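Both of the next two complexes hold chain A, though its partner changes from chain B to chain C.
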Partner chain A sequence: MWLFALPALLINICIILVPAVLTFTAAFFIWDGVGTPVWAGLANFQNMAADPVFWSALTNNFIWTAIFLTVPVCLALVMAAALLMAPKARIVVQSIIFLPRIIAVAVTGRIFQGMIFSPATGIVAWLNEHGFSISDPLADPDRSLYAVAAVDIWHWWGFLAVVFLAAMRQISVDQIEAARLDGAGFFALFRYVLLPGIRPTLTLMLILTVIWSFQVFEFIFIVTRGGPAYGSEVLATFAYRHAFFEGDVGQAAAAACVMSLFGLCATAIYLWLQITDDAQST
Partner chain B sequence: MTMTRRQLVASIPAAALAAGLPRGAYAQDGRKVVTFWFGQANSDGQAALRNDLVEAFNASQDKYLLQLEVKGAAVNNLLKVALVAGNGPDIVQTAGPAYLTAIANAGQVLPLDDFAGKYKWKERFLAPLLNTSVYGGKLYALPRDYESMHLFYNKELFKQNGWKLPTNRKEMEEVADAALAKGIIPFGAGNADWKGVNEWLMTVFFNNVAGPDNVRKALSGELPWTAPPFVEAVELSKAWYNKGYFGKNYFSLTIEQSFLQVVNAKAAMAFSGTWSFGTKSYGMSKPDTVMDVAPTPTLGSAFTGSLVHLACGATLSIAKTSQNVEGAAAVFEFMLTRKFYEAMNRDWPGKWALPVKDLPPEMLSGIGYPLFEKTIANLHEAFSKGQYGFTTWTFWPGATNSYLIEGIEQVWLNKITPDAYLTRMQTLFSQEAREGKVPPLPPRTA
Partner chain C sequence: MIGDRWSRTFALGLIGVASFSSLLPIVLAVMNALKTTVEIGSNPLALPSQLHWENFSSAWRNAQLGPSLLHSAEVAILTIVMVCVTATPCAYVLARQKGKFWRFITFYFMATITVPVQLYLYPLYFIFAKLGLVNSIPAVALIYTAMFSPFAIFLLRTYALAIPVALEEAAQVDGAKPWQTFFHVILPMMRPGLLTVAIIVGLNAWNEFVIAVTFLQNDSNVTAIVRFYNLTGQYSTDWGEMLAAAVTIVLPIVVIFVLLQRQFIDGMTSGAVKS
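So, the complex of A and B:
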């Protein structure tokens, strides 16, 4: 059996484990990316802890996680349940809501930046010309994180809805019909049949959301680059800036370690839930 | 001849190997290949690179074949990784001395002193710019161009409103206030696509408020960044931002959109760099009937008159692992020919303004771009005499410069005070100075 796993294992060791170990090691060195690394002990972590930008980035990651554990998940669950009940509309609606997912992140980011939020060329500009006083949320340090989150939610929730719908379709039709015959309305059906029926999928997606939320980078980098005034800075942009603009690879690696720590925690929770489920089902 | 399936399969690795030929490879015609990675280039720039550099060089001799790849904005990061891995190009182009410092300190590029002696480069380049690439007494790069921040303004708009070109802060603020009163943005500015616009502005504020001598003292460690002249500079930048001098949409407009505001008379002026001459979409025509340009006037009491800012937008070195050192040097020598200088500055103004000492006016006269000719001639004279300020992207070390760019947004948006900003800058600068990361500093004269 191990022989079958060997190719995948080798690939994972080469492209995941080795870089991960090197990154972890780099966190304990001062290194500009081209010269000779110098041992620094915990200095990178101490400097990071003393940097207020790190803490605001970490806070933004938590806010981002909270947003993505609720808004797109709720939207997707309601849409999936509605589509389950309306099979005729399913193909058309699924195609439409899935569309943002297949558009390149860079394109989506630029569309929102230039055609929606821009006060020069976007819908915001048009609204201002027609008497609505609206400022570009991307230019406001207190709103920029939420504005970028809105872009990512648009890109993400349709995919979630399709995944949830696929899971809901695995629920026995008899069970759904029985609930309906017992007089269950949409929300009762949703609460007592559909949600419990997709619990493993829902748990997996929530755990993945936590992991992805601590790795979020592309949308923020493309749309705001973490600004203005660090308003939308997250750990990934913090690490990127240190590595590639400040020539401080050690500090970037330390931030990457913190990102991985949250991913590890989420993975541990998922494994624990799986073990608990397995124990209950045997 | 038809190939069997087995022959076809066997040829794939060979083809793959050929596609990734190591440096030092030979072209089909027997010429030794010289590789060169370039960063960002618009379509005009790419055409100029292809015609005026690659094809012209390759047609000029039969020993070397120049191969150029346009790598895009990530070239600086790619280059570092490639150099460490020993797979970089023969010609190493960085985005200026601040980027070169780490690479030169790490010994990833070769000293050029032997070539400099052979080709008399030290005699042919302007010393202030050439010396930005001297580390430990050795020359590690040639400057590819020189740049400066300038005041671009809509001369038609000034004429219509009876405004005079400002020569000091008071006059500048009078024009700005008059513009604001008419609903005109005083300074077209926007950093939506490039946060480095922040440092363009801060280069002006630090130099033109605090004065270039104080900036030089700070860069050489004789004066802290927390000193009163710099506090005044940062406070003025904040005051101007909060008064709306840079418009309501600084964080939402791209560089091009903000510059076009000046061309379209929606804004009166812009602090921008000499690279603006090379971007046709900016609306700078040749000769221009709308726009004009001047060195930036004093904005404080540290000096009177106007000031240009010494900048080197790119450096050219030879990789330590290059297998074709002679070929790379031959490319550099080709760039110093009069024919190349004229062609490149005609086709891509401002991008390849090699800072050579002998710049007779007729070298640029065929370009037909009076504003550019005037600006380059003024820069050449000022740089030759040592009369300049210091640009952040050339002389500030990496982490300090990164904070200068990011942190000033916190000041402008009232998240931190100017004192807090400068204190953090001083902390970062002190650390980088201790680590030898501050680029070499040329002398200046009054």
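So, the complex of A and C:
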């Protein structure tokens, strides 16, 4: 029987587990990826701690986490409740708000750059012509992170709403009807029936948000490459830059370890929830 | 019907605004893909005065979209086949076997779902470079297989759990070996699950960026996404042509999505909804 699991397991171990262990090891070496690695002890971590770019990247990861734990989650919760009340529009609208999720990040990033943020061809240009003076947010180190976050929120929140809607639809209709008979309006219903009803899903999505927020890479790399002036740099772009542009794989590995450390705490909670959940259902 | 009149109005208003903002960037992209760059610059929100279909033909030619779309399809199909072939038997075993060892394997696969690419990307790249596997499409598909199969295993496992054990026992009584039981009893019953897996894995492989941009560097073998990324990095002046390329790359996915919404939505939300 175990032969059935072997191919999947083997591929997984070779591509993920072994390189992951090597990354952990590489964090303690100075290595350019080609030559012989030289033992460096904690030097990579010390260099990182002395690098202000690392600290701003880490701060940006925390800001990103805070944004994604609130903005898209609130939008999605309200939207899911609204869709629950509009059964006729549900199927069509659900597909519309889901659509951004299936469009490739590289394409989404470019569309926002050219059609929204660009001061020459985007909505920003149009607003400037109509009396609103807005500069390109992607060119501003203080605003670039938020501008990229807006792109990711556009791509993400609709999917989240569909997840919450699916969870809300599992709440028994009786419960909702009873609350309505008791005179509960939209917000009372939301607060006392819908929100508690989807608590397990909500918890899971919040944990996954923390895990993903420390891994965020694609949108930032495509739209700003971490710039300008490292304004939108996060740990993942910091690591990628060190590995492939600065030939310092050891440093990249150290950053990847720090990144994983934050994810690991959240992953532990996630696994624990999955296992208790599994034990209940089998 | 839930909700009083006031909250229904509120809900409908919200739905309207949300749909509009979800569609706006897409509509802008499609609309401006048919305009000249000068026209886009003068007003990005205006409808095209004249349909410049030549943006599509020049994007197809200049961006070499034909070959790169073919590479994307190649990567996606290879990944789908490898994921389905390896994940299905694995999912079946994980659904049936009990005990510490199998719990540990399940735990391991769960953990790899949340491992960041960055934790294995760098050594993997230098190992593949040494083995001469950089710029190889099958090698990229192999990495995707490792990345996407844990999801496939968990999705297929729920399908396997729903198959009555009695069916297998009946097959065993008839003298079927485990692999015969798997091929003739289990596999046909997992077909709807396999369709969902194929769609989601195909979408992910088609859209993936980090691995593709790192491991495919020759213009002769890049996927459409990487080709688009490289192109737009160098010449970001002809927006009409660039948007035409964007629309061409996204179009096949959107068409499949419209045809198979249920499978997309169920597949991508599965695992996230907890009761």
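Rule of thumb we're sticking to: the second predicted complex is superposed on the first by the 257 of 282 C-alpha atoms of A that agree within 3 Å, B and C clash if a C-alpha of one lies under 4 Å from a C-alpha of the other, contacts with A are read in each partner's own complex, and residues count from 1 in each chain.
Here, a residue touches a chain if its C-beta (ideal position, glycine included) is under 8 Å from a C-beta of that chain, and two chains touch if they have at least 3 such contacts.
Because the structure is predicted, anything quoted here is derived from the model rather than measured.
Peer 1: Chain A superposed: clash or fit between chain B and chain C?
Peer 2: Result for chain B and chain C: clash.
Peer 1: With both complexes overlaid on chain A, does A:Pro7 touch chain B (first), chain C (second), both or neither?
Peer 2: Once the two structures are laid over each other on A, A:Pro7 reaches chain C alone.
Peer 1: Does the superposition put A:Phe98 against chain B (first), chain C (second), both, or neither?
Peer 2: Touch partner of A:Phe98: chain C, not chain B.
Peer 1: Report for A:Ala66: first if it touches chain B alone, second if chain C alone, otherwise both or neither.
Peer 2: neither
Peer 1: Is A:Tyr270 contacted by the first partner chain B, the second partner chain C, both or neither?
Peer 2: second
Peer 1: Once chain A of both complexes is superposed, is A:Phe117 in touch with chain B (first), chain C (second), both, or neither?
Peer 2: Only chain B is touched by A:Phe117; chain C is not.
Peer 1: For A:Leu204, decide between first (touching chain B), second (touching chain C), both and neither.
Peer 2: A:Leu204: touches chain C, not chain B.
Peer 1: On chain A, which partner touches more residues: chain B or chain C?
Peer 2: C
Peer 1: Go through the superposed model and pick first if A:Asp136 touches only chain B, second if only chain C, both, or neither.
Peer 2: Once the two structures are laid over each other on A, A:Asp136 reaches chain B alone.
Peer 1: Touch check for A:Ala49: first (chain B), second (chain C), both, or neither?
Peer 2: Neither partner.
Peer 1: I'd like to know which partner A:Leu261 touches here: chain B for first, chain C for second, both or neither.
Peer 2: Neither partner.
Peer 1: Between 8-16, 26-34, 80-88 or 314-322, work out which stretch of chain B sticks into chain C after superposition.
Peer 2: 80-88
Peer 1: Identify the overlap between the chain B-contacting and the chain C-contacting residues of chain A.
Peer 2: Overlap of chain B and chain C footprints on chain A: residues 33-34, 113, 120-121, 244.
Peer 1: Quick check on the complex: what are the chain B residues that touch chain A?
Peer 2: Within the complex, chain B touches chain A at residues 76-77, 80-81, 83-84, 102-103, 105-106, 108, 192, 195, 248-253, 257, 398-399, 402-403, 406, 409-410, 412-413, 415, 437.
Peer 1: For chain C, which residues count as touching chain A in their complex?
Peer 2: 1-4, 6-8, 10-12, 14-15, 18-19, 21-23, 25-26, 28-29, 32, 37, 40-41, 43-45, 82, 85-87, 89-90, 92-94, 96-97, 105, 107-112, 114-127, 129, 142-143, 145-147, 149-150, 153, 161, 178, 182, 203, 206-207, 209-210, 214, 225-226, 228-229, 232, 236, 239, 242-243, 246, 249-250, 253-254, 257-258, 261, 264-265, 268-269, 272-275
Peer 1: Within the complex, which stretch of chain A touches chain B?
Peer 2: 32-36, 113, 117-121, 135-136, 138-139, 141, 225-230, 241, 244-248
Peer 1: Show me the residue ranges of chain A that touch chain C in the complex, using the header's touch definition.
Peer 2: That would be residues 1-2, 4-5, 7-9, 11-12, 14-20, 22-23, 26, 33-34, 75, 78-79, 81-87, 89, 91, 93-108, 110-116, 120-123, 125-126, 154, 158-159, 161-163, 166-167, 170, 176, 180, 185-186, 189, 200-201, 204-205, 208, 211, 214-215, 217-218, 221-222, 235-236, 239-240, 243-244, 249, 252-253, 255-257, 259-260, 263, 266-267, 270-271, 274-275, 277, 282 of chain A.
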